[in-house]
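What follows is a set of structures for review.
Presented sequentially are two complexes of chain A, the first with chain B as partner and the second with chain C.
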Partner chain A sequence: MSEAKLVKFKINGQEIEAPAGTMVIKAAHEAGIDVPHFCYHPGLTPDGNCRMCLVEASNARKPVASCVTPVAEGLEITTDSDTVKEAREGVLELMLLNHPLDCPICDKSGECMLQDNVYDHGPDNSRMTEPKMMKPTKDLGSTVALWGNRCIVCQRCTRFCEEVSGTGELAIIHRGDSSVVDVFPGYPLENDLSLNTVDICPVGALISKDFLYEARVWNMKDTPSICTGCSKGCNVEIQQERNQTRRIVPRHNPEVNDYWMCDEGREVFKPAVSEDRLLDYQLRTADGTIDTNPKNAASAIFNGLNQVSANHGTQAIAGIGSAFMSCEELYVFKLLFDGLQTPHLGAFSRPQREAKSFKQFEIPGDPNPNRLGVERILGREALEENLEKILSGIQNQSIRGALIFDDLLDWDLPAEWQSALSQLEFLAIFSLRDRTHLPQHSCLLPATTFGEKDGSMLNGEGRLQRLRIATQLPRTIRYEHEILQQMQQELGMRSKVVPPSALFKEMGKAVWPQLEISTIRELGDQGIQVESPTENPQRATVS
Partner chain B sequence: MSAFQEITQAAREDERVEFSAEAKKKIEWIYTRYPNREAALLPVLRVAEKEFDGIGAAAIDCIAREMGLSPGYIYGVFTFYTHYKRAGEGKYVLQVCATLPCALRGCRDVVHHLEDKLGIKPGETTEDGKFTLKKVECLASCDTAPVVQINDDYHENLTLEDLDKLLESFE
Partner chain C sequence: MTTSTASPPETQQTQAPTGEKKKSTGFKFKTYIPAVITGLWNTFKHILKLDGHKTFTLNYPEEKLPVKKGYRGEHRLKKDELGREKCVACFMCQTVCPSVCIRIIAEEAPWEDRDKRPAVFEIDMLRCIYCGMCEEACPCDAIELTETYNVVATNRHAKVYDKDRLLSN
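Then we have the complex of A and B:
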């Protein structure tokens, strides 16, 4: 499209330029002119079935659907004439013929395109006196439920299943006013992208079973961030209400995830709100009591590691981070262990899985959001070689103390690690879960997780993207980077604890000196490509 | 694969059907006459209708495998049209035209007569599986109204006596 020649045309008298072949609705939206629509979605091929986007064009006698009308030189488009207004009213009156008035109990209420369009452009009453059509309410699969009565048959979901997921489960069945979206009996909507159909449904016909009746959308606050479910790093909007994440929805980023994300990614906030989440510090003191004061965490770990290093030498301590830590955390972690003068620096990562490929979407095989960040900051060997060295070091008792990050989602320490760790003299674990089954944990510290951190992560394609804080930490928990920085203070390496934005500055200079990114703000909402994706092909083959 | 999917697919495998060699040959010929598989679907549905004596879930599943289309797509197309024979319909499908010219020429009497005679309402099938009664829209034979289509044949200018004779001939 970049080579397409620009054509000049007018919308409501305003001169606009757009590449030839652009549809009028897209050009209008880009120029900030509102054209109401239902079936048009910028990520799908235009269909022109809902007729909501009718506008007047100088080359047609009747109003035309702007989503299937390409721009042309000298074309004059009118979007606010009486004819257009009348057409919109007519279309909306027909759409409302069979649409129930159940907004008060509809999950979509508040983000419903029909609600918005009727409010802005709709008729003030209905002439319909017949009973409304009744259509089924049922499950379409394990994630999505159908409220057939609400369906306006825009076919966004069926086009999604054909064009993006390529799985084709959904179809419009029957015809005329009986038509409704449905699946073929026995072939439910079961693909890894199924919940995108809920996002693009302009009404409340397709509903996420997970989010059903969880929250009202107008009560939720949105925070742009990235998904930490895998190395793709889909851009998302974290939606929280009363400091609890309720839902994650994809955010448009043409370079990463387009308009979509996978179903699994929508679950990444679950550990943060899980009931068995570890919330208290358990710092074992010399006299055997357990201290729970988070203020003492840094000194407890520092003293523990120091004791080991005094008894057995600095080589006897190890640090194991994880591919779920932000770049800033990894950076402080690296500095700290350099300061402690130990070469034993590793990082846990989740094992590779099979990559999944859909027609227009890839789910990479690497389920670690910041593996590349670990490689750049701790070194490539941290993920494999060093881990093995540390494990054998612990087993042959040359390593006697360790600080470990166990903040990976849906992952448990492998059995050999569990037994090895129990042999240590001193062990500190940042964990999401209560690890009382580990016989000896000198310090157990709650880890922070998705939606709680500020910082950055490097996705599998070499794109540095921003994590933002959506929900405040539970009151008992401190940030890991703060505790690590306090330990640096004890070593005399750092004068005061600084926020991740300041760490980003330090890190940017040290890790990517050739890049001139000075503040985290420059990452913006879409991130910055810091490495060429061709140099870093998806690391599906690492294991 | 979720539990939901496993159960439904297992059920599907039990009732799996296949096209005969003859039908497959016919379908291959149909493919040569259409630009793509989607376009060839309507005539293939006709083949399946004859092959499986009415189209049901198993038949759609079979067509999907044969044509490489998603079962959902075929289901959507199939349910759009009313003129394909559904699985479970009787040996004789009586389609009574109920559009205006036939209505003016007494199709309601025809429907009522059939209802009384067969003991079923439009859309139902007799218990012995012999007759299915349907009220349909225009059969494009207005000049010979009222019209009833029974399987592939038109029966035109019907009187109730003609109807009785017809039904008897199907006994």
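Then we have the complex of A and C:
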């Protein structure tokens, strides 16, 4: 497409240039001219079945569907003539013939294209007097439910299942006004991308069962961020209401996830809102009582580790981060343990799984959002070799104190780690859940998770992307990087606690000196490719 | 006090309709006796209700003024003919509420004829400004403002009405 020659044409008298082969609707949208549509989706092949995008073209007698009309030299398009307006009204009146208009109880209401288009372009009344068609309401699979009455048969979902997921579960059944989307008997809509059909459904015909009746969309506030469910780092919009994440929807990024994301990623916020989330600090003091004051967390860990290092030498302490920490947290973590003069620095990661490949979407096998960041900042050996060394060190009692990060969503510490960690003299754990099965912990600290941190992560393709804060932390919790920085302060390495944006500046200079990224804002909403995805450079570590 | 000594014009007019100005400076006038008697007679007329005057005050808690039509008092969630709440949890009232006093949590309705119902429906009566917008916004005619205005509570929590309280209003 990039080599295609540019053609000049006009929309509403406005001179526009677009590569040959571009459809008129795309060129119009890029020029900021609104052309209402239903079946057209930039991520799918054009279909031209809804007839909503009708425009007048100089090379046709009747209005043409702009989503299937390629641009041509000298073409003149009119999108606001009376003919076009009349055509739109007619199309919308027909679409509303059997639409139940149950907007008050429809989950799509507020982001519904039919609602918007009827409001802007629709007729002011309906001439329909006959009773409306009744179509089935049922489950299409474990994630998606169908409200047949609402379907306008735009076929976005069926095209998605054919073109993007390649699974082809959905089809239009029946003819004429009985047409409705459905699955084949015995073949439910069960693929890992199924919830994308809900996102692209222009009406409320396909509804997410997980989000059903959870919230009204106009009450939610959006924050652009990235999914931390795997190393793909899909760009997402976190939607929260009253400081509670309600839903995650994909955000367009042609370099990473296009318009889509997987179903598993949409559940990544669940640990943050789950009932068994750890919310209180449990700092075991010398006299056996438990201190819950977050202000004492840094000194409690620092004193504990210091005690161990005074008794058994600096080699007796270990730090284990995780591949779910942001780059900034990893950077402070690395500096802190360098300051404590211990070589035992590892990072937990979730085990590799089978990669899943769809027609136009890949779900990588690495379920860790920041594995590459760990390799780059802590060193490549942190994920495996160092972990083994630390484990054997704990088992033969050469390592007596540790600070570990256990914020890997639903991942549980392996049994050998659990038994090994319980032998330690001092153990501080940042955890998402209350680990009552680790009785020996000296300090249990609540970890922060998806949607709560500011920072950056390096995805599996070497793209540095921005995490943003969507929901404020529960009042009792403090950020890990703050506690780590306070420990640095106790060591005399840092004069004051700084926000992640300042940490990013420090880190950018230290980790990617060749790149001229000075502020975290430069990452923008789409991220920056800091490492080549194809070649595999010898990755340096922070020195 | 100064006005009464200077000129009691009403008594003068009733006593002397013919306009004898000399009499106004006479003994009768100076003693105020006719004026006092006239005034007292007026008072007794009211006490004995001889003039058919109406009493305007009410013995409030026992007697109440009839509430005018359209009065906006406490809310009520209406029930349908089967005794179920009519509300379908569409959040229109919550959306339109200018004082943000309505909190709804929706759930799937267990009934055949509708999909959605409120699991929680709370109105903070202390925040509410009784504007009646919720009533206007409701597409199901499920919420209305009653004529109740005199419900008191001894703590703030008691003024956050839950669904059962609103249904029984």
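As a working rule, the second predicted complex is superposed on the first by the 535 of 543 C-alpha atoms of A that agree within 3 Å, B and C clash if a C-alpha of one lies under 4 Å from a C-alpha of the other, contacts with A are read in each partner's own complex, and residues count from 1 in each chain.
The criterion applied here is as follows: a residue touches a chain if its C-beta (ideal position, glycine included) is under 8 Å from a C-beta of that chain, and two chains touch if they have at least 3 such contacts.
Bear in mind the structure is a predicted one, so any value in this text is a computation, not a measurement.
Superposition of the two complexes onto chain A shows chain B and chain C fitting side by side, with no clash.
Residue contacts after overlaying the shared chain place A:L212 against chain C, while chain B stays out of touching range. In the superposition on chain A, A:Y119 contacts neither chain B nor chain C.
Looking at the shared chain after the overlay, A:G141 reaches chain B, while chain C stays out of its contact range. Taking chain A as the reference chain, the count of touched residues is higher for B when chain B and chain C are set side by side.
Once the two complexes are overlaid on the shared chain, A:P104 sits against chain C while remaining clear of chain B. In the superposed pair of complexes, A:G186 makes contact with chain B only, with no contact to chain C. Taking the C-alpha centre of chain A as the apex, the lines running to the C-alpha centres of chain B and chain C meet at 90 degrees, rounded to a multiple of 10. After overlaying the two complexes on the shared chain, residue contacts for A:I173 are found with chain B alone; chain C is out of touch. Between chain B and chain C, the smallest C-alpha to C-alpha distance in the superposed model amounts to 21 Å. Looking at chain A, you'll find no residue that touches chain B in one structure and chain C in the other.
Of all residues in chain B, those touching chain A in their complex are 1-5, 8-9, 11-12, 57, 60-61, 69-77, 79-80.
Looking at the complex, you find that chain A touches chain C at residues 102, 104-105, 212-214, 216, 218-219.
By the touch criterion given at the top, residues 88-92, 94-95, 106-108, 114-116, 139-140 of chain C touch chain A in their complex. Against chain B, in their complex, chain A makes its touches with residues 139, 141-142, 158, 161-162, 167-175, 182-188, 190.
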